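What follows is a pair of complexes built around chain A, which joins chain B in one and chain C in the other.
Right, the complex of A and B next:
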C-alpha cells in the first residue's frame, strides 16, 4: 500500500497519545514521504543533496531539511506527474505580489480536507451550526472560481446547517450590513440553535465587536462559538491583543471565553489547522509537529524562547510541503502539560517576523473594508 | 438497498442539478464537477431530510463517493 506509515498515522486519535507514542510513528511517516519527494521532485532532491541530507538516514525531525515559504514563490513544486495535478493552490496576494504556489493531486486534497475536518471537530464538537459569516454572499455560493478567502470559509462549512452572510460589496469596498447582523443575532438569541460566528480577525474586531461595544450593544449567546482566522498585524497596530479580543467578544456576544477560537494555518501546508484550545494554547495533531528555530542560527529552540515557527507534516504527498519554515514568530509553551488535557506540544504565535510581508486573507481583506 | 440507492440518486440529482442517469457507484467529487464543498453540505442536509435522520459532521467525513453514502445509509437506516 502506498504511504503505509502515513495511513497508519492518520488512524491515530487527533491529538495522539502523548510524546513518547507519537514521535516514532511521525518520524517513520516523515521518512516515508521525504524519500518519496526526494525520488519524485528534482528541486527537492537538489536541495537535500546540497545540504548533505539522505532521507533514508532520517534520525530526528529536527534534521529534516525545511523549505522556507519563499521557496514556494519561485517554482511550482510537485512530486506527481503533471497530469495528476488537478488544482494549483495559490496563497492570497502578498505585499510583494508574489504568491506561493502548490500542486495538488486529488489524494492530497482529500487527505487535507479530512485532517482539517478532524481537527476542527475535535475543537468545536461534531454538530451542525447555523453560521453567520462576516463576509459577502459570493464567498459561500456555488461558483467555479473560488478565491483564497472564499476557500477558507468554504472549508469550514462541512459543519454548517444554515449559512447567512452580512457583508455587501459596494464597488471595490466591502460594507457590513449592521441591520442584517443585528437581526441574525436577535433571532439566534431567541432560538437556542447552535450558532457559529465566523470572520477574519480584523473584520470581526474592528468592524463588528468594537463598533457594537461603542454603541453599548450586546447579546446573550452562551452556547455560540466565535471562530476567526487571519493576520494580527493590523490589530497589533491598534494595540488589540488576543486576550482583549476574547474579552470583548464575550462582552458583546455573551459567549464563554473558551468558545472564542482563533484559527491558525498557512497555505503552504493546506489541511493543517491549529485552533486555540480551551486554555488558549495551540496544539499540533498526531500527524504533525512544530519546531521553533532561532532566527539567526536556525537551531531548534527549547520551550519559552521565541523564534521562527517550522511545521512538519506528511499529509501532502503531491508536493514537498512536509517541512516548512514560516516567517511567523512564536514559541513552544510546553509538552503533554496543557490544562485542556490534549497531549503533545503546545505553542503560541506571536506575530510576523520583522520585514516579512503582510499576508493572509484577513490582513489583505482588511484593506478592502469601508 | 435498491430503494436507498434510488432515493440517494434523487437527492444527488436535485442538489447537483444533474440528470440522475449520470450518477452511479463511481460518482465522486473527482468526476462530478458540481460536487464541491458547498454542494456537499447541501447534499448531507438533503439526505437528512429525505431519510429523516441526523448525520453528524464526523459521520460525513467519509462520504467520498455515491457508493460510500449508499453503504453508510444502508448500514445506519436499520
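Right, the complex of A and C next:
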C-alpha cells in the first residue's frame, strides 16, 4: 500500500496522543514521504545529494532539507508524472507580483481537504453554521476561475448550512453593505449558536468591528463564532493586537473570547490549518510539526525564543512541500501542556519583518477596500 | 515649484556644538547660522584645518576613547586614518594642485599675470544613505577641508555616531572652529517640509543613496545655481586573471576577497557581488570556490555576521536550494555566507549578506560587455600588461575605480568619478603683479 506510514498517521486523533506517541510515527511517515520525493523529483534528489542528506537515514525532523516558501514562486516541482497533475494551485498575488505555484494530484488534493476539515471541525465542532461572509458574492458562488481569496473562503464552507455575503464590488473597490450586515446580525440574535461570521482579519476589524464600536452598536450573539484569517500587517500598523481584536469582537458581537478563532496557514502547504485554540495558542496536528529556526545559525530554537517558522508535514505527495520555511516569525509556547487539553506542540505567530512584502489574501484585500 | 517653507522645524543632532536631545531649529535660522560660520571659516588657513583634523585623528585612535566601546565595528580607525595629515595633504594636492589655493591667489602654469584661488561653494548639504555609517563623516570631511559650511542629513534610523564624532572634533584643539560650521539634521523621508527646507538652503547637494532616494532628493526645491553631486546605486565586481589563477597565491587571494565580501554585509556600492575567473576549467573554479568558502568562514572571526532579516534569509535559502538543484553552491551551516556558481554571463544579482557569484570567462576582456554606468569598482587580481589592458578597456566603458582585492570597500578619491574637494570649490582669477605678488 503506498504511503502506508502516512495513512496510519492520518488515522490518529487530530492532535495525536502526546509527544512520545507522535514522534516516531511522524518521523516514519516523513521518511517515507521524503524517500518518495527523493526518488520521484530529480531536482529535489540533487539537492539532497549535495547536502549529504539520505532520506533513508532520517533520524530527526530537524535534519530534513527544507525549502523557503519563496522557492515555489519560480520553480514548479513535481514528484508525480505531469499527466497526474490535475490542478496547479497558486497563492494570492503578492507585492513581488509572483504567486507560488504547486502541482497537485487528486490524491494530495483529497488528503489536503480531509486534513483541513478535520482540524477545523476539531476547533469549531461538527455542526453546520449560517455563514456571514465579509466578502462579495462571487467569492462563494460557482465560477471557472477561482481566486486564492475565494478558494480560502470556499474551503471553509463545507460546514455551512446557509451563506450570506455583505460586501459589494464598486468598480475596483469593495464596499461593506452595512445595512445588510446589520439585518443579518439582528436576525441572528435569536439563534446565535448557529452563526459563523467569517472575514479576512483586517476587513473584520477595520471595516466592521471598529466602526460598530465607534457607533456604539453591539449585538448579543452568545454561542456564535467569529472566524478570521489573513494578514496582521496592516492592523499591526494601527497597533491592534490579537488580544484587542478578540476583546473588541466580544464587545461588538457579544460572543465568548474562545469563540473568536484566528486561522493561520499558507498555500505552499495546503491542507494545513492552525487555528487558535480556546487558550489562544496554535496547535500542530498529529500529521505535522513546527520548528522555530534561528535566522543566523538556522539551528532549531527551544520554546520561548523567536525565529523563523518551519512547518513539516507528509500530506503533500505530489510535490516536495513537506518541509517549508516561512518568512513568518514565531515562537514555540510549549508541548503537551496547553490549558485547552490538546496535546502536541503549540506556537505563536509573532509577525513578519517590517520590510517583508504584503502577502496573503487578507492584506491584498485590505488594499481593495474603500 | 512652490518655494520651501523656511519656518519648518528641523530636528537637530548637532549644531555648531552638542545640543540637547529633541532640539529643533527653524530652517531659516539654521541657514543663517551656518552662513555666518562659513564666512568665519574663510579666514582659517587650510593648514589649520588639516592640523585640527590630524589632531582629531590621534584623539580618535586613542585606546581609551570611549567611542570604541560604544560603537564597536563602526570603522573608527578607518575614519581616523582618513583624518591624518598624510591622507589629507595628498588628497588636496590631487584635487586642487597646491592646497594654499584655498587661502590665497596663486599663479599656476604659464599665465604669470593671473592668479587663481579656490573658494568654498557655500553650504554643502550631505544627504546620507544608511548603509555605511561612517560615510557621513567622510563626506563631511571633504566639505570641511574646502572650508565650506556643512549640513549633514542622516536617516531617522541612523545611530548618533556622527554627532558623537563631531563632539570629539569640537574638543580637539582647533576643532571647534571647524564644527562651528557644521550641523547634523535627523528626519525621516516622510518629513517633506523639512526635506524641502534643508534642500533649498544648499549651494551643493551631495546625495548618497539608492536610485529612488537620490531621485527623490533631486526633485526637492533647490537654488538655481546649486550643484548636485550624486552617488546612487552602484555595483562592483572582481576579476581574477589567468596568470593569477596559474601562479598566484590563491589562498591569500581568497582571504582578501573574503574581506571585501564581508565588510558592511556587502551593502556598500564598492562591495563585490560577482567574481569572474579567467579560466575554462570548471575544476579550477570549484577548487577556488572551496578556498573562498573557507576564507569567508575564517573572516567571520574578525567581521561577525549581522543577523539577516526574515526576508533576507528567505532570499538566501531560496538561492541555495535553486543552486543545489540546478547549479553549484558552497555555503555556511547558518546564513553567514553563500558562494554560488552557474553558467550565466552577467553581473550579480546583488543579494548581499556575503553572497557571491563565481563565474568563468575564457577571456576577461569579455567582461567589458557587461559594463554599464552602474558599475563602480572593479577589484583586480591581475598584474602587468594584463592589468593595463583590462583597466583601460573597462574604464573606457564606464568603470570608475580599480582597486586591489582586499581594499575594495576603502573609501577613496576619486569616488564615482568625482575628486570631491575639486567639486566643492569655485575658482576665481584676478590679475597679479608680474612678480606673482
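The working rule: the second predicted complex is superposed on the first by the 364 of 370 C-alpha atoms of A that agree within 3 Å, B and C clash if a C-alpha of one lies under 4 Å from a C-alpha of the other, contacts with A are read in each partner's own complex, and residues count from 1 in each chain.
The rule is simple: contacts are C-beta pairs under 8 Å (C-beta built on N, C-alpha and C of every residue); 3 or more make two chains touch, one makes a residue touch a chain.
Please read these numbers as outputs of a predicted model, since none were measured by experiment.
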Chain C versus chain B on the shared chain A, clash or fit after superposition: fit
First, second, both or neither for A:172, with chain B first and chain C second: neither
Which of chain B and chain C A:20 touches, first, second, both or neither: neither
Contacts of A:295 with chain B and chain C, given as first, second, both or neither: second
Chain B versus chain C as contact partner of A:70, first or second or both or neither: second
Partner chain in contact with A:59 - chain B first, chain C second, else both or neither: neither
Superposed model, angle subtended at chain A by chain C and chain B (C-alpha, nearest 10 degrees): 150
Of chain C and chain B, partner touching more chain A residues: C
Superposed arrangement (fit on chain A Cα atoms) - minimum chain B/chain C Cα distance in Å: 33
Chain B and chain C footprints on chain A, overlapping residues: none
Chain A to chain B touching residues, read off their complex: 86, 106, 110, 114, 117-118, 121, 126-128, 140-142, 146, 154-155, 157-161, 163
Chain C - residues contacting chain A, complex: 305, 307-311, 313-315, 317-318, 321-322, 324-326, 329, 333-336
Touch list for chain A against partner chain C, complex: 43-44, 46-47, 50-51, 65-71, 74-75, 294-299, 308, 325, 327-329, 352-353, 355-357
For the chain B and chain A complex, residues of the former touching the latter: 30, 34, 36-41, 45, 56-61, 64
